[in-house]
Amino acid sequence: MTARVAVVMGSTSDWPTMKLAFDLLEELGIQAEKHVISAHRMPVQLQEFGQNARENGLEIIIAGAGGAAHLPGMLAASTTIPVIGVPVKSSNLNGLDSLLSIVQMPGGVPVGTMAIGNSGAKNAALYAASILSLHDAAVAANLADFRAAQTASSIESEEDLK
Amino acid sequence: MTARVAVVMGSTSDWPTMKLAFDLLEELGIQAEKHVISAHRMPVQLQEFGQNARENGLEIIIAGAGGAAHLPGMLAASTTIPVIGVPVKSSNLNGLDSLLSIVQMPGGVPVGTMAIGNSGAKNAALYAASILSLHDAAVAANLADFRAAQTASSIESEEDLK
Amino acid sequence: MTARVAVVMGSTSDWPTMKLAFDLLEELGIQAEKHVISAHRMPVQLQEFGQNARENGLEIIIAGAGGAAHLPGMLAASTTIPVIGVPVKSSNLNGLDSLLSIVQMPGGVPVGTMAIGNSGAKNAALYAASILSLHDAAVAANLADFRAAQTASSIESEEDLK
Amino acid sequence: MTARVAVVMGSTSDWPTMKLAFDLLEELGIQAEKHVISAHRMPVQLQEFGQNARENGLEIIIAGAGGAAHLPGMLAASTTIPVIGVPVKSSNLNGLDSLLSIVQMPGGVPVGTMAIGNSGAKNAALYAASILSLHDAAVAANLADFRAAQTASSIESEEDLK
Amino acid sequence: MTARVAVVMGSTSDWPTMKLAFDLLEELGIQAEKHVISAHRMPVQLQEFGQNARENGLEIIIAGAGGAAHLPGMLAASTTIPVIGVPVKSSNLNGLDSLLSIVQMPGGVPVGTMAIGNSGAKNAALYAASILSLHDAAVAANLADFRAAQTASSIESEEDLK
Amino acid sequence: MTARVAVVMGSTSDWPTMKLAFDLLEELGIQAEKHVISAHRMPVQLQEFGQNARENGLEIIIAGAGGAAHLPGMLAASTTIPVIGVPVKSSNLNGLDSLLSIVQMPGGVPVGTMAIGNSGAKNAALYAASILSLHDAAVAANLADFRAAQTASSIESEEDLK
Amino acid sequence: MTARVAVVMGSTSDWPTMKLAFDLLEELGIQAEKHVISAHRMPVQLQEFGQNARENGLEIIIAGAGGAAHLPGMLAASTTIPVIGVPVKSSNLNGLDSLLSIVQMPGGVPVGTMAIGNSGAKNAALYAASILSLHDAAVAANLADFRAAQTASSIESEEDLK
Amino acid sequence: MTARVAVVMGSTSDWPTMKLAFDLLEELGIQAEKHVISAHRMPVQLQEFGQNARENGLEIIIAGAGGAAHLPGMLAASTTIPVIGVPVKSSNLNGLDSLLSIVQMPGGVPVGTMAIGNSGAKNAALYAASILSLHDAAVAANLADFRAAQTASSIESEEDLK
């Protein structure tokens, strides 16, 4: 079965963050693949990947990177399928540089940007699910279940306040 | 014909920015509607709007707000269709507060966040188009044309450097 | 005996911070209750809580949240009793996002915002006491005693400089 | 009739901002007085003002200042009635310095901080009203009316989107 | 005569800034060419330009861009000749986003980053001259003259203080 | 022998930082005293201390505080002897709030502000010495020796690069 | 009569700011001289100026610069008389870069830093006066008068609130 | 054999960072030397070093410093060979102060600035190599090999995602 979502990251050091997206996609029943594509070390591969994404059956790209994070924006420049950007926490500026490098795209090529770090990675999977839910009843149901479960879990957690 | 995308803003003062999204949706052949829903002055209406969005036929919500911008996140909390957030430039902190209030969503409820201001509003329309393009060949073609045209326009603009 | 102040937080992970507010309210002789209400996972409960706050006998809501912290502002949107906001330290941006998301409310709906983190939580309790002290001589006396004691303690602490 | 709320500012240059608070208090039927008290040029007067505030019948102090804004915090240090702080926009750092100087109070002495600038000044008046509304039915009614009117006005404003 | 330095920018709107680099190169006797290459609208052309830069006789690329400024870093990813980055002032965040997007390159692919805006553009030309001066006595002499002249001009400017 | 310099801090938690100033004053042969004066818990004592500083024989006040750090500015408001401010590192914003609260004094009342944290504390002592050196040959000599020694130490440290 | 204070700036473009310091020194009866010394264009002159400052009879140097403002710190590195730094507002980052470049001096060489811009320039003069006041009764009297006058002026200004 | 590149730092505490540059230069076959030159403790040595750099056979200076980092800019002020600046992470502001102090050079004297910290130090060596590669085929080959190897390493690293 073909992947519908690609989880792409600039380096294996981003994997602990991006794995949260990958695993949650799986939990939501969405077939995903994962790749290391460094914008600065693999620019040729990046462009090729972006240019072929749609014909390779991909519907969404989730791209995470840190620092001067060019990966999400450059993938978006090479395709017209939605790119979801995850700013990975950087070692010195706590991801503020990652965030601004991803979200402040000039008019013409958008990246749907998530929060810095782990929350952003999880939300990237949920955002992919919300996009796919428009035409996939199974994903829609899984997403609705996930949301209902997390609401229930929040409600119940009040018991834990001691 | 029903709107597929709702362009929602916290105040009419956001309209000069959000109009860029609305007009570009139209240019891309995507039926849109526009609303003022203040998160803080109309919380009841906000929730109702979010809860009914999917059954009302909406596929995407584009929400713009400034300052402590709660509109995109609270709409996302009430629906499972994709919400695209546009941080409107604020008068004192230049939209940094708007950006952080929209993008830094906790894990569980995502908002696909665009750049601050006009670029973000235009990109919100393009991002909506990229989502719709997955199942709408006409939108896909319009988006591809738009992107090709802007590439051509950039290439030609080199002539203007004197 | 009914609670006069509700200490509300977005997640149990905020409790170590918010407990400082809760415990200090108790120390000041102010009856309090505590709740987990996630703005994004429990928007329906949030609105209900806000709408009924005044008739349920609450006089003040202390609300703490981190990141894109919408809880204090959305509670303030649903009630006219005073809401005191506590920006909980966030994992990546040290609470700057929490602070801006809470304090930068647009004109029309205020949140009385405290400092980021533990200082803010303690001060939320003291601020609640100062509000209640306007019509409650016992609380006024307790607050005056607390302030006098902390002044004395600061004065004495000079002995500890070695 | 005695003033219940004092609107205090560090300099007459803060008046265009703070006047928004003063006028809205009046509109809400709350008797107010206004003062220039510079924390750095009038420290003696500041302390005296704070120390006598409660016995002079004041219930709330609204204090606005810019830059290294010490006025709200130092007033709060001299009284136990609630102090509402308004960070006035500063000429170089856009009020970020004002905000941090007011909101980041150490544990022990709270200031209920509003947004930077005009929104903050208006909200200071509304916050004062919400505090007074706990024991003043007329203010409570005026505040409820104000909030209802602004909701209605937001709803109607949708007509203006062209 | 072939250009030794290419001045590249993401959009013609960057030209008023980048022209300062171009003109100063000329003044320093360094043959330059100028191009519009949008990282996001012309990714194919960008890569081609970078890959061929060295064999086309270019010794240095000066690249200016604003916002999520990916142009300098992506050019650096496609060539091993020195890339000098100029963060163009952005409309909302004053170029802080441009600066971080250019300077915070991950280890492996460097961009020599200049100051935001006009100072940075002028300095890009001077930095190119300092690089070329290592093997070009004429440029070295021109650069030494330029530096001596600006020192003299600074010294003389003291006369203007009235 | 009377103290010429007072090292004042808002809380004993500032002592590990401020001790660096105190000890270096001693090393430079400058008689110093140390005090805890919390701006917010001891405003009366603060004012008294400032008002009497000059007649008590103090020539300089070194004041350290963190967060909304009002101590240096309020001391400066109560005296005309030089006040040197040390922004103590705060737990959430790393001392940026402390720095802005101290340095951004409005025109009329200056604080000579040092770097955040340990460097600032040490430099406060050296700055006090430079002020005293204008009329005290012994301090001038000690300061010159200290500076010469640190230069020598820096030069020698090159040996340690392995 | 010899100047006791030198007002030094990196460029004549800093003069509108630094003139406020110069004029206020004059008003306070303190003999001053003014110089343009660019840290980056006149490093030789800078060092010479610093090294000779004390023997030339200078007691204090007030140094203003913007951007990567190295002038105050490098002067402080060449002398042991007090250096007062004024961060001049920069065109892109509003003086935040100037401030950090001046105030964040490493341990060993201090600069007494003032606020960004006009307030800082005025306060530099007042700070110089406070230093000189320790051994100059006339300056002490002038400073006391100045401070008393500004207090009176603040008190009277309350009349202007309409 | 003479050094072509000097790696200079303000303090031995910068060595763990700057060693990454030094070692990589060696790996790329570029003869380097290393020095401690504190801008503020050794201003005379700094100037001498800069003034003699070119005649001593140096082609490039890599300078790292933290906080109010004046070393790179002041070296650039004393020479016309290229200076590469490395902002060393500072203890309180995470290197943001170092970055702004190095990169925001006024027009006239450029510093080619790298990323904060370790990435920046490694990239400084690569940037030096790219400059030297213009006239040194061996360095050009080494640099091309290094870049090819790191691309290959990135491609292979995808295997490690589990």
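Should a chain be cited, it is by its letter among A, B, C, D, E, F, G and H, assigned in written order, with residues numbered from 1 in that chain.
By definition in this document, contacts are C-beta pairs under 8 Å (C-beta built on N, C-alpha and C of every residue); 3 or more make two chains touch, one makes a residue touch a chain.
Owing to the predicted nature of the structure, the values given are computational and were not obtained by experimental measurement.
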Option reproducing the contacts of A-B, where over half of them reappear, out of E-G, C-D or C-F: C-D
Computed distance of Cα centres, chain G from chain A, in Å: 51
Distance between chain centroids, defined by C-alpha means - chain D, chain F (Å): 33
Distance from the mean Cα position of chain G to that of chain F, given in whole angstrom: 19
Intercentroid distance (Cα basis), chain F paired with chain A, Å: 49
Overlap residues in chain E, where contacts from two or more other chains coincide: 11, 38, 41, 67-68, 93-94, 96, 103-106, 108-109, 115-116, 118-119, 147, 150
Which pairs of chains touch, using the document's own definition: A-B, A-C, A-E, A-H, B-C, B-D, B-E, C-D, C-F, D-F, D-G, E-G, E-H, F-G, F-H, G-H
Partner chain D, residues of chain F touching it in the complex: 10-11, 38-41, 43-44, 47, 50, 66-68, 70, 73-74, 76-78, 90, 93, 96-97, 100-106, 108-109
Complex contacts: residues of chain H adjacent to chain A: 89, 94-96, 115-119, 147, 150-151, 153-155, 157-158, 160-161
Parts of chain A lying in touch with chain B, wherever the complex brings them together: 59, 80-82, 84, 99, 103-110, 112-116, 118-119, 122-124, 126-127, 130-131, 133-135, 140, 143-144, 147, 150
In the complex, chain F residues that touch chain C: 11-12, 15, 34-36, 38, 41-42, 45, 67-68, 91-94
